[in-house]
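Below, subunit A partners subunit B and then partners subunit C, in two separate complexes.
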Partner chain A sequence: MTGMIRAGHAYFTYDDEAEVIVNALEDVSLEISSGEFVAILGHNGCGKSTLAKHFNAIFTPYRGDVAVNGINTKDEDKLYDIRQNVGMVFQNPDNQIVATIVEEDVAFALENLGVPPKEIRERVDEALRTVGMYEYRDRAPHQLSGGQKQRVAIAGILAMKPQCIVLDEPTAMLDPKGRREVMKTIKRLNRDEGVTVILITHYMDEATQAGRVVVMDRGKILLDDEPRRVFSQVELLKDIGLDVPQSTELIYELRKAGFPLPQDILYPEECVDALQKLMEGRYGNH
Partner chain B sequence: MEIIKTEHLSYVYNQNTPYEKVAVDDLNLSIEEGEFVGIIGHTGSGKSTLIQHFNALLRPTSGKIYIDGQDMWENEKEIRKFRFQVGLVFQYPEYQLFEETVYKDIAFGPKNMGMDEQQIDRRVREAAGFVGLKEKHLEKSPFELSGGQKRRVAIAGVLAMDPQVLILDEPTAGLDPYGRDRILNQISLYHRAQKKTILLVSHSMEDIAKYCTKVLVMNQSKVFLYDTVEKVFAHVEELREIGLAVPQITQVFYDLKARGFHLNDNVYTVEKAKHELLQLLRGETDA
Partner chain C sequence: MLKDITIGQYFPGNSLIHRMDPRMKIVLTFAYIIMLFVANSMFGLLVGILFLIVTYGISKVPPRMILKSMKPIVPIILFTAILNMFFVSGTPIVEFWIFKITREGISLAIFMLVRIVCLIAGTSLMTYTTSPIALTDGIERLLGPLKKIRFPVHELAMMMTIALRFIPTLIEETDKIMNAQKARGADLETGSLIQRAKALIPILIPLFVSAFRRADELALAMECRCYKGGEGRTRMKILHMGLPDLFAALFMTICFAGVIVLNILL
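Let's look at the complex of A and B:
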């Protein structure tokens, strides 16, 4: 395990003529190891997208540093190395698809990089198989559902063989089925292909599937821990305008009412088990 | 009194071509005035096609629609009035803002309706109030606002026409939990204050459970269920079979019941779940 992405005391601000300078990132330090699956949570304007854009040198900090595989993102000569290693997927699939045929879209970046045609063919096919869209390779993007389009966008990134993928609310515009497809794809990439995944999301149920959750507020990192520990901070999360899963909230409320229940319930099945035990009186005399 | 009624409503896309697709299939539905209806269903279930009929963006391939008792397409020349009577807020409506100021953008609808300055002014301020926009926002450019604020401006633009029916297609898509709660709370307040009929298309069962009085479930171009929130979410198995879910908390209660606990059937919010369990647990303590 090595520090694939490292941010050290990073500060960033958007230029705004009239207003007082507000730091979009303030003293952010973070290390993400190769192979991790990290979810970043926070309300709109908390700095999470700004942070994500530092991971592939779209932005660079005005103070502090961000490094990818040991390369400082301020090193302009290495920009291509960084961007090839860290791919980004954005919210709206329609804004990311440029070609009129699925496989041409996936090949787009490779053609720009001057990869030999035979290798392009192989990489495109492999990427499309990985996201489960190989059968759709000769379709037009407008014939696909939102979830399918988003998977094509992911394939386009995968074809570049990045070590890390950063996804900025990739499911925000999708219906529940599309969301499930994309989440399944992301998890498989992380588990089977060893790709480091950084997922920015508003959906708490998606964050619970990550190995680590980073919560941001006003440009700072507020929490950085495993999902179970992060979501046990019900008050804190609600204070900064975030949700917790309904199961977690119910158990929290019952604990507050004085019932002895475990603090770290995350999934509905655990909630059912805990409530069953409670009602059967296994936790003592209540 | 029913505000929306359909009789054998059908809509076919690309009729008489190889791409023909029935999107709404022989639909009979009647929605009472003052309801807050949540509409759920997969992409492609026909829900968007259906709502576009209610303000005359689509004309039925066959069948009839009545708005407040009036046959919508009886006199084609009068179709415009239904567009004022039924307000439709599209997905990502903030992309439709175009005026120089928030005020002018909200005033666009009432102006089109031919109102005088004074009336327009009243409508604009009222509508801005309903969505929680402040006086100081009105003279700003819509593009200076945050995403959530822009969306509230767009909704105010429809409210300013004072429609009898307000339809919102996924009004919270892409917003964070705070922005989402804010918009839904404002809509809920508006519903209670104005007693207007509201149709809300949403993928979130939790939101529908929290705010709506009734749920319309669309599946394969037909109405799968239309009933009160309690009754619809009691169909845990059937909803799962068509690939939809009930709120997480409803699922928890369903599973507990399956394990032999006697619990109330209609729990679909955390608040209600807590109440129910406390009653049960404390009741047992007393006994």
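Let's look at the complex of A and C:
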């Protein structure tokens, strides 16, 4: 199945009544297929969160359309179908946990959907195991670390069995350890469970782990390609105030200084290999 | 420091009373309160004390916890006792100036004192053995029939749950703001009462702003998880009455009957 989420020439604005309309989204067209891992990049205020909120009908475009599985997000009768299919995880884990016990919180969405109690129990346990938080099911949220809380929040979405999870800067408030935990969980969901993942981030190293990177600037989609090709456009990215991964940056500067290096280096290991090759070529093998 | 505050006074355990259905515990607590007020003699109250000894014994809540729950109401207990002692007419024992202490006064004072102590100990047992979340759950289901007259039962329970959930978060936040303001030279500990109250303003305002922001985000997250009010909602944990509940109800009934019989006989 392709084209699970489809945005066609979508426009959105926050200030309907203002005379000069400032578009938060401007002519955004995007198609995301089932099973993809897409990272959406951009600096603050570029419209990436706004776009994410279109994917599960929190916002609807004033011009153009967004459709999930062929259902237009403006169709209010199907609102809960859409929200169940496209789950959303936010930045601050504290502000999305509703219940005072981990497992009760994971059950929250299923209770809302009217799932029978026995099935809720099974799906909650399964979701908690998937994110590796099963042992913490009886704890209170405030006893957990940031990364653990965020994983509970992910489990709460996962229990709905969505086809797609949208994560809006899920690691922005976490320490490095929490970030690693959450990224590992997200990658595993995509790889092992076949969940479509849309990761909104401003960390470059997180974006490099996706299969596709969408770069946004001022409400428009600027680049939409695989990470290697996106990050090889170092100058363009720097122009709109974005960084590139550290290894890419290093190679870029070296190339500028005249060293013969390949252009599309993305990961640290590749960088090491390329540099080693360069040194061997130049100084011989010691 | 602020983090160590516990919510409610739940005393975790796994006794028969802990495992009882919260609905039954609430109902029985009310029955116990009524029983204490029905009892019109010291012997009736003895039944109440007996009930407490048995239930606290089963619950394994240490008796020093009773003293702890008594602490805040010591002034009320003393006030009631003294009032009763001086203002009940009867055969005087001691007389000085315009005061006189009567035999009836003393016995009534003791009677009232025992009654209040039993009342607090009994209700405390419920909160000691029931977690706040179970209590909320029990209240929601007990009030269930009121939904028919459009009483917002689910909404109230939801508000209680969210409040319980956010108390530790907001306490932590208060702590952070206090430290931030202290780092900027705010003086929170000295000065007159009015000065100290004024010093709280720079703490309360950021706290409120952040609480509203949190509420906004929480509402959004709840919507994303298909929250649409209480209608058509199911629950993961189903409350069910078991054998302990039956025995507890039976024991309560026997005690209550005993009190009524004592009332009639004496």
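Here is the rule we go by: the second predicted complex is superposed on the first by the 276 of 286 C-alpha atoms of A that agree within 3 Å, B and C clash if a C-alpha of one lies under 4 Å from a C-alpha of the other, contacts with A are read in each partner's own complex, and residues count from 1 in each chain.
By our rule, a contact is a pair of C-beta atoms (placed from the backbone, for glycine too) under 8 Å apart; a residue touches a chain by one contact, two chains touch by 3 or more.
None of the values given here were measured: they were computed from a predicted structure.
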Which of subunit B and subunit C A:Q276 touches, first, second, both or neither: first
First, second, both or neither for A:V102, with subunit B first and subunit C second: neither
Partner chain in contact with A:P245 - subunit B first, subunit C second, else both or neither: first
Touching partner for A:A7 - first (subunit B), second (subunit C), both, neither: neither
Which of subunit B and subunit C A:H142 touches, first, second, both or neither: second
Partner chain(s) touched by A:A155 [first = subunit B, second = subunit C, both, neither]: neither
Touched partner set for A:A24, first subunit B, second subunit C, both or neither: neither
Interfacial residue positions of subunit A with respect to subunit C in the complex: 56, 58, 80, 83-84, 87-88, 90, 92, 94-101, 103-104, 107-117, 120-121, 124, 140-142, 153, 156-157, 160
Residue ranges of subunit B in contact with subunit A within the complex: 42-43, 146-148, 173-179, 203, 206, 243-245, 247-249, 251-252, 255-256, 259, 261, 270, 273-274, 277-278, 280-281, 284-285
Subunit A residues touching subunit B - in the complex, by the definition given at the top: 42-45, 91, 145-146, 169, 172-173, 175-178, 202, 241-243, 245-247, 249-250, 253-254, 257, 259, 268-269, 271-272, 275-276, 278-279, 286
Touching residues (chain side subunit C, partner subunit A) in the complex: 132-133, 161-162, 164-165, 168-169, 172, 214, 217-218, 220-228, 232-238
